[in-house]
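Before I ask anything, let me first share the structure, which is written out below as structure tokens.
Should a chain be cited, it is by its letter among A, B, C and D, assigned in written order, with residues numbered from 1 in that chain.
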Amino acid sequence: MMPEKETVQDDGVVETVIAEVKAANPVLVCGLPGSGYVGKLAADHLVSLFDAKKVAEYACDSFPPQVNVKEDGTVEPIKAQVFYAPVGEGRSMLVFTADAQPTTSEGEYELSDAVVDYAKRNGVKEVYTLAAYITGSFSTEPKVYGAATSKRMLEAVSSKGATLMKGGGISGMNGLMIGVAALRGLEGACLLGETSGYLVDAAASKSVLEVLSKLVGFPIDTEKLKEKAEETQKVINQLQGMSEEAREAAAQPRRETRPGYIS
Amino acid sequence: MMPEKETVQDDGVVETVIAEVKAANPVLVCGLPGSGYVGKLAADHLVSLFDAKKVAEYACDSFPPQVNVKEDGTVEPIKAQVFYAPVGEGRSMLVFTADAQPTTSEGEYELSDAVVDYAKRNGVKEVYTLAAYITGSFSTEPKVYGAATSKRMLEAVSSKGATLMKGGGISGMNGLMIGVAALRGLEGACLLGETSGYLVDAAASKSVLEVLSKLVGFPIDTEKLKEKAEETQKVINQLQGMSEEAREAAAQPRRETRPGYIS
Amino acid sequence: MMPEKETVQDDGVVETVIAEVKAANPVLVCGLPGSGYVGKLAADHLVSLFDAKKVAEYACDSFPPQVNVKEDGTVEPIKAQVFYAPVGEGRSMLVFTADAQPTTSEGEYELSDAVVDYAKRNGVKEVYTLAAYITGSFSTEPKVYGAATSKRMLEAVSSKGATLMKGGGISGMNGLMIGVAALRGLEGACLLGETSGYLVDAAASKSVLEVLSKLVGFPIDTEKLKEKAEETQKVINQLQGMSEEAREAAAQPRRETRPGYIS
Amino acid sequence: MMPEKETVQDDGVVETVIAEVKAANPVLVCGLPGSGYVGKLAADHLVSLFDAKKVAEYACDSFPPQVNVKEDGTVEPIKAQVFYAPVGEGRSMLVFTADAQPTTSEGEYELSDAVVDYAKRNGVKEVYTLAAYITGSFSTEPKVYGAATSKRMLEAVSSKGATLMKGGGISGMNGLMIGVAALRGLEGACLLGETSGYLVDAAASKSVLEVLSKLVGFPIDTEKLKEKAEETQKVINQLQGMSEEAREAAAQPRRETRPGYIS
């Protein structure tokens, strides 16, 4: 892995390659913000756990037109990123995540294309996306649902503990990316953690990572997610002690509790 | 017909030619998902009945950004397809259908352009689109309405049993495609099956195919659609035995009854 | 004027020049569908009155994705058109109208650019747009309001009987086109006929054409619009004899009374 | 500064350079229309106070498709502009403002890119944007909040009297532009004036300019904004003497009180 910098513009997406990867037998794992932040929490956990290095960055002109402000007051443009980490025994992992999903169909397709193309150039053959399966009710042991681009992947997903989906659709980039992967000749699977949809759900993230670990064949420590999940469980317990009205008022996604400013 | 593979990108549409067609005197028949799935059911029926082969595929970045999950758990990117079948006596048919319609005007125009251009390159001179004419009430013998790009086609449509439309507009690709066909010097007609708009309506699909068969001059067996239509009729009978409230609650399009997951 | 045919594509707009114009001292008059069809009725009246010839046609991929059906059942793609007519004494007129306005900002700007560019190439120095000034109440003698791109035009508009606007904005292509004209170095004025906004309003169209006639200095016979206006007045009289509820139900734009079909 | 004229088109944005700037140590200050017109009022005040000259103009096809009408009846296309003024002692200022913000994400990104690129070419190293921090209640001494692209800028912003933001997001171009500035290697800060969000708020504009003056190190006289703020305060006093219903009805943004016309 030697440092380098290169920018390629395609339509509304600008790719900046930050470091060249000599990835050994890499898989691509994707988790973007969505319901319950299931995929995003899981992806962030992987980056932190494996101390993954940022290797590519994406700007997209259909990201929400805003900047995010961090807790110390510094602002960050909305972007998507690929991180890289070796995972032992001649294996490696690329993790794709973003601050937000694009706001248009065109943007979602263009960003998916750019990232799948990047992954393919770097030797990826399997793409895993992590998503939410919304049930509307709270579960202490969230199930994991699965769907995949091939019978072979589907059997793997099923044999590692995921319940196969039986129809319907998976919306947004966490679904779209395995579709785009299939169009480019890669295999893909989506793991969806059962979640209420009301709260940031680290328990669901933990569940999908446990299935992912068995699928990719390297260990993923989920201890830190367990701690976050326990905090969320306390909130759920409080909610369940409330009247229905109070519960509705309180059960807003925590990440969306923002002060009232716009420009 | 010799196997080949070729991809052309134009704006947001990517065309992949899967097999070269030596089509004899071909017509293009189009049926995309819309109200009552009238056109889509009819197009799928033609593909199955004539054992038509897939000859071209279209990806479009304004398709809904999602993947569809089949009953066995495998996922499919949203795409549009052209199928080909000889229909006897030096005649042949191209069938155009899709998993969904594009979500923007630009996407609908671009995809229509690409498919009409493909048809023209392959010798098509007449384009038929199959659509729904929504009435809001149930009909046991759905009428077929028609509109066309020329007086000649209009007379043909009328003489084969369709009631001519007397103004208004036909929205979506099932209308747009004959407009685009006309802009490219082809002739086109739209056959619209009378439907309530509340249920997937195989009876309406059967009616439009019966008129189409007379127009194109080759037989189209509609027995299988008759069976589906009878199932739907049972649902209608049940609905008509219900109170109005119960009926409203029940009379949702069946294809939209999806489990509650998103990513 | 010698027959010719030429197509130029720019972004989402395709221009087809149908006949080369040797226009003598031409003005461009624009009237597109909008509230009360004030501008569209006026433009159609000019085309019919001066027996103007179609000289250019525009397709635009942000037009509504549909086809219109005429009273005899033939379908027409949505398009915009420029017509040409000499108006006597070394003067001529180009009339720009369309079946619909584009559905996106980008489309409105692109189509305006294309048509203003066409006009400029053909020697146009002044652009007049005809629009509606919505008041919400019925008027038997509709006033005409005016706005313009220069003090000189503004004085002309005012001296010919239009009341000058005193701020605000003019939305849609009937406003945008004089803005684009100004950006390209042409002068422009918008004449807005006072209208209720509830009915197709030929009386408002008649009023704006009467002011236009004085501005451009050639006579415009408005007798046929007077007849249409009298029909509308009968509808208004009926409405004013009704209860408020009945009036609201009845007072829908007549052009939008379409049978219930979509595809 | 020698007069020149040059037009560059990039996607949907057209840049016209009106005069070449030999700017000495310039800063870029941006204020676009948004809640309370806080940023727009402040930017217009700077242009007027320093008698700044227009040096660049931007058209954008995702601006609202309309023209604005001035009080004398002349119309203006929607545009964005950069103004230039020396501010003494080998320093200068570029002010960026617009009649409206683009209506799409793509437009906001493209226009931000074009203007940041222009600023960079002209030697700008620091970008300040002026925006609103909506509280929903009236304040006689509006606080100023701040966020910045670097720790260094953040400390400067804090030391000059702004309260640092502690998370969240800043929507629209007044936020986006410092994000884009950061992507291009410039530093940026956003100053947000506390405002109710109900009225055009010159007091908030005055507050942000007072902090800006300390940051950029040249004096900014805010006397005229003080007069405007006093007028607004009278309106607030009247509102506070009203019943809640009357207040709600009255407390609409004053700039949106337009007569009822569209085209």
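Going forward, contacts are C-beta pairs under 8 Å (C-beta built on N, C-alpha and C of every residue); 3 or more make two chains touch, one makes a residue touch a chain.
Bear in mind that the values here come from a model prediction, so they are computed numbers and not experimental data.
Enquirer: Which chains sit in contact with both members of the pair chain A and chain D?
Expert: Output, common partners of chain A and chain D: nil, no chain qualifies.
Enquirer: Interface check for copies chain C and chain D. Shared numbers divided by all numbers used: above half gives same, below half gives different; which is it?
Expert: At the contact between chain C and chain D, which are copies of one sequence, the residues are largely different (under half shared).
Enquirer: Indicate the whole-number Å distance between the mean C-alpha point of chain B and the mean C-alpha point of chain D.
Expert: 51
Enquirer: Once you find the CA centre of chain A and the CA centre of chain B, what distance in Å lies between them?
Expert: Whole-Å distance between the two chain centres: 36.
Enquirer: Got the chain A residues that touch at least 2 other chains?
Expert: There are none in chain A.
Enquirer: Among line, ring, star, complete and other, which best matches the way these chains touch?
Expert: ring
Enquirer: Where on chain D does chain A make contact in their complex?
Expert: Residue positions touching the partner: 34-35, 39, 105-106, 108-110, 129, 131-136, 145-151, 154, 157-158, 164-176, 178-180, 182-183, 188, 190, 192.
Enquirer: Under the definition above, what is the set of chain D residues touching chain C in their complex?
Expert: Touch residues, chain D against chain C: 12, 59, 61-78, 103-104, 107, 258-263.
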